[in-house]
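So that you can tell them apart, the chains are marked A, B, C, D and E in the order they are listed, and the count of residues begins at 1 in each.
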Amino acid sequence: MIEVNKLSVKIQDKTLLSGIDFHVDDGNYWVVVGPNGSGKSTLLKTLMGILPIHSGQISLNQRHINQYKQRERAQLMSYVPQNSGRELPFSVEEFLKMSRYSYHSPLSEWSNQDQQAIEEALTITDTQSFRTRLMKTLSGGECQRVMIAAALSQQTPLILLDEPTSYLDPHHQVEIHQLINQLNKTHQMTVIEVSHDINHAAHPDKQVLALRDGQVLWQGNGPDLLDKQRLKQLYQQDFTFVVHPTNQRLFALAETP
Amino acid sequence: MTSSHKLILITLLSFIIAFSAPWIGLSDIANEIVKQQILLDIRLPRVMFAFVAGAGLSLCGMVFQAMFHNPLATPFTLGVASGASFGAACMVFAGLNVTLLGFDIITIGAFIGALVAITFVFFISQLQRGFSSETLLLTGVATSFFFSSLILFIQYLSDMTDSFMIMRWLMGGLSSASYHSLLQLIPIVTISTAIILWLSRELNLLMAGDDIALSRGVSVKQVRYLLFFSTSLCVGGIVALCGPIGFIGMMVPHICRLLIGTDHRWLTPATIMFGGGFLILCDGIARLLIAPAEIPVGIITTLLGGPFFLWLLIKRRQG
Amino acid sequence: NVQKPLSTTKSYQRIITLSPSLTETVFALGLGARVVAVTDYCDYPPQAQALPSVGSYTNTSLEAITRLQPDLVIMLNGQQQRQQQLQQLGIKTLVLDNSTIADIKETIKTIANLTGKQKQATKLLNNIQDQIDYVRSKVHDIAPVRTLVGIAHYVNSDQLDTVYIAGQHDFYNELLELAGGVNVYTDTTVKVPSVSAEGIIRMNPDAIIDVFPEQKDHQSDMKQVIKQWQTLRSVNAVKQQRIYIIEHDYASIPGPRIFKLLPEMAQLLHPNLDWQKND
Amino acid sequence: MTSSHKLILITLLSFIIAFSAPWIGLSDIANEIVKQQILLDIRLPRVMFAFVAGAGLSLCGMVFQAMFHNPLATPFTLGVASGASFGAACMVFAGLNVTLLGFDIITIGAFIGALVAITFVFFISQLQRGFSSETLLLTGVATSFFFSSLILFIQYLSDMTDSFMIMRWLMGGLSSASYHSLLQLIPIVTISTAIILWLSRELNLLMAGDDIALSRGVSVKQVRYLLFFSTSLCVGGIVALCGPIGFIGMMVPHICRLLIGTDHRWLTPATIMFGGGFLILCDGIARLLIAPAEIPVGIITTLLGGPFFLWLLIKRRQG
Amino acid sequence: MIEVNKLSVKIQDKTLLSGIDFHVDDGNYWVVVGPNGSGKSTLLKTLMGILPIHSGQISLNQRHINQYKQRERAQLMSYVPQNSGRELPFSVEEFLKMSRYSYHSPLSEWSNQDQQAIEEALTITDTQSFRTRLMKTLSGGECQRVMIAAALSQQTPLILLDEPTSYLDPHHQVEIHQLINQLNKTHQMTVIEVSHDINHAAHPDKQVLALRDGQVLWQGNGPDLLDKQRLKQLYQQDFTFVVHPTNQRLFALAETP
């Protein structure tokens, strides 16, 4: 689905990403990990067309990404930004409706399908009760869930999520991840998620892109991330491993000195 | 009341005003021919002109406020109006009395002035790499100041009569309305309005910020260019024909926001209707209050609209 | 649609004049009975005040004009936009200029020709010419006095603020030269220059004539004005106490009465001449 | 260059302008007494007046922009200037000729007008529960419009000469400067400046948002009241004495921000120095360019400051 | 140090907190847990004086909190808000300097002690390298660390932290928690932290305040939080427990269905 070749991204002579090579197949679930400032958000923004490509190229379904109109892109991928949405002057429902932008011309009617997309998103993110609330009156975690709901309303085959579970309580963390897994599995939705949770990344169904200083340090299957050496190199942090009691997989715990 | 009900109410009120305005204060005229002439040749075009101008100015104000996330933005913020005024002042000063293609020379001067200002602001904003809203805003303001002081300069150079004429022009007003000027105004305002209505949903998304707008599929840069040029042309056209009428463009969108909310799919038509109806109302009062003399319409718009706005503001806060 | 030339045979019966100077001229030609409306500021002659008004100079009402069904509307050339609209409504218009002495005379002739009042015009113009000739005969071989003509400034303060003075382009300048003076302001770029204390001290006029158009509803007293001027101690006119104030309601209206300023100015500038002879 | 170096440079330039301005264009006057009079009685008070007024207006603009997080805010945004202008216009219209406590009646009228506007805005903002910056801003703008149209109305009611006077007053200018008016201005501006300088750090914190300001120890509400009243009084005083001079208050703070950054501990003194020096410079040019006549100073401030601002803006973006 | 009695907080007739009773002793480390929208941020904001008390009272060192000037409060407590700081037009160093506000009068000089406070905060949050960067150019995690550094520069005996480790990579999470522990232990700093990490909250040295729907559901010692029943009631979520390999304490893992 996505092919990234020798991508580099700059902002005013500062290189944020360089020589990024990876490709995402239809239905993949990629988790992007890496320390703070390694360029994870930058990568997602570049895929979404928010930051310009400096050199290299990105192709989406075999076509160079710059050949897509922004509207076409928005029908293929949706995006949950890191840390945003708390100052918006809209009600939750209005905001969700805005996600259906790319499916409409100015004259087209609001369809059942549109409404259904929104209702579904509200239900699965547990945000129905905020429907008429103004975005700026929501709590941090409530707002985060609405941002996810907005992206889901866009009903795209690919979704880009930048730390979607930050601010979520344990229950909603599990729920949202469950939800994404399910979308990935049953609807073949391709997912690229930025996360700091390596145990989440280390799932056998996931693939991992580990960035450090704007470059790819490693990429591979999820479970292979749980390597003491690799993690040390990535985060400068030691981990110990336990076996998870229910699924029997390894579970990494950061060591505290 | 839902937004659609409110919109219907505003539209209805606006139409009532529009349809009754021409008939008021005609009963004392005995002569039927005079009555006809006043009704058909003077009042009708004037009412229509007021509607178009009021709707256009309010709409452009609304667009600028949304586009720049700034409640103080007006259709005049980016320097279009002062460019137009400068063009008009030049023509008054040069003292030419020519008519070109049916436009009188002041109107032509004003429109050229508006175009110069738009091009200038656009060019400067390009020099700054990108089209960020804050620098565009500041560039516009500086341009606006610049042209305003050129006007002052011309006013300073001219004799009392010219200086009065320029001042008069700067006050704005609808007394130059005629079928002729109406025909000149309608296409400009209609096209701009159509473009803006067409872009209502994009305006909502621009208010949510560039990142979100892009990820929902809006071609932010193109939309911004399109809005910039169409509103600027619209303002240029209106100002060229009836001078700057300040309050409408700044406050009507705020009033409508307080009435109907921030969703542009409702706000845009409401602003058009309210702006048009409001200017007809004010112009009617301006004409009739101390008839036969006329009060400049800008005085009425503010004296009526200002307190209404404050009342809405207080009510919302307390409610 | 350009208006056909106005007829000189048809005698216009319903005239509206849109500025005080035109109203005055029309009445001076004996056309008072044919005037159906004027503007707010037309208060001379007193008969004019009784007529209906169609608005102010800058803001005449199209509707009010139409209601009165005039057959001729006379206006100054600053009001062109109105002209076009009136023409579109089929109302005849006449646009005139009153900015110089020659213009004022021409206005009298033009109106007279259109209304069959040539005889009255000749009399009025001769009268004006007599006044001019009389003053000229008195002052023609005397050195002109370097004079500053103030036409507007704020009087209700102790300090002399910005003063607007006569430049080289207006009728005050012409009157001044006829009256045996010369304008101390010689530049030609600015038509109504504004000066402050520093500029006046630099120009150092030998006489100052301060023109006030009317004093009806103002209680500003002229002693205050003199006091303001006296703050400029080093100016010749102040030292020699040659500060003159002219107050007339006609002093700013470029109609026939403006020529009354001429002998007054001449007497102020040349008090030593013999002005007893009556004209 | 560090901020402190830049500040020293700006201060130096400002002083050079201040100290050389009175001496320029005097050589052609032969008479020593006249020279003395021009220098001591006219130019010296005028230069000092220009400094105080320029510094005061720029400073108030800076405060409003920081306080409202809005680059379009000016010292006139909250209606103080139009209140003052309205007061002045009333006095011109009434034609009174009184001097009270050494102030002439126009100044008194203007100052009372300013106070009325301030009180009104404050009162309305209280009605809305709290003192949020956006509603305060909009209240101020509506108030400003309201008074402006009252001015138009008075202008409309008055005769040509009065209307000319009011128009002239609205252009603003320094020709009424004297030791007398200087003595009236200095205490107001000094006190307000002292208060604002005293609150430089609070201004920085207000820019970071109310939550952060509170958690760092700023009594946000009190500080905002204090700033509101002191800037308003300062603007009221300046406008009362020399009319509204628009460009300075809006653009000088932006120019200084481009020159020295957003930290108010540097920005505040830089704005004072630049604003003062700049107005002296412009007033000098206005006086001398076509001497003996004078150009309104507002024309020069804009024609000089506008391009300079745009140049800075482009340079920063490209650099 | 802090005594909260029957506190309730309202915004426009909506009750955000009601009947909150708890007290914090000098040197305590309290962790506030609870599902999204339970009022955790509201509590911190009320303590900080950002939201007004509707009824009940808060006393700080035996004095009613409204009797303190804001400046005095700021010398006693500092605050790291949830989700903020990304749009500030300041450089990191300027922003940190602003934290020293309450110690200065307009005329006082910038002292060695001030500079030292800042340098220390920069060092321990690993943000020295951003010193001259503008806040708005930082990545999410970098910005979060600067916000923590700013609060630390304030050098107060009490610190309020609203989800301080969101956006942080595992290494910095450990580091920041380490740091707070240390300040709490060796400097007797009182800490009130909002967190969604129950294992972090369940530490024996910590006390837990569990909020639900604006009310206190439970409060007690950290380890007692790890009770299946209690957690279920709090979050509507099941957990299993493993024994941590290095410290031998219980470790809760959210169960995924």
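As a working rule, a residue touches a chain if its C-beta (ideal position, glycine included) is under 8 Å from a C-beta of that chain, and two chains touch if they have at least 3 such contacts.
Since we're looking at a predicted model, the values are computed, not measured.
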| item | value |
| --- | --- |
| Minimal step count in the chain contact network, subunit B to subunit C | 1 |
| Chains in simultaneous contact with subunit D and subunit E | none |
| Farthest-lying chain, centroid of Cα atoms versus that of subunit A | C |
| Distance from subunit B to subunit A - Cα centre to Cα centre, in angstrom | 44 |
| Separation of mean Cα positions, subunit E and subunit B [Å, integer] | 51 |
| Gap in Å, rounded to a whole number, between the CA centres of subunit C and subunit A | 79 |
| Mean-CA-position distance for subunit E and subunit A (Å) | 27 |
| Touching two or more other chains - residues of subunit C | 56-57, 59, 189-190, 194 |
| Of all residues in subunit E, the ones touching two or more other chains | none |
| Touching two or more other chains - residue numbers and ranges from subunit B | 156, 160, 167, 296 |
| Interchain contacts, given as pairs of chains that touch | A-B, A-E, B-C, B-D, C-D, D-E |
| Residues of subunit B defined as touching subunit C within the complex | 29, 31, 34, 37-38, 41-43, 97, 104, 106, 156-165, 167-168, 173, 175-176, 178, 180, 287, 291-294, 296 |
| Sites on subunit C touched by subunit B in the complex | 40, 52-59, 61-64, 66-67, 69, 76-78, 80-81, 84-85, 88-89, 99, 169-170, 189-192, 194 |
| Touching residues (chain side subunit C, partner subunit D) in the complex | 41, 56-57, 59, 152, 154-159, 161-162, 185, 187, 189-190, 193-204, 213-214, 217-221, 224, 233-234, 252 |
| Sites on subunit D touched by subunit E in the complex | 197-202, 204-205, 207-212, 214-220, 262-263 |
| Of subunit A, residues touching subunit B in the complex | 45, 48-50, 69-75, 78-79, 81, 84-85, 88-90, 94-95, 98-99, 101-102, 104, 106, 151, 154 |
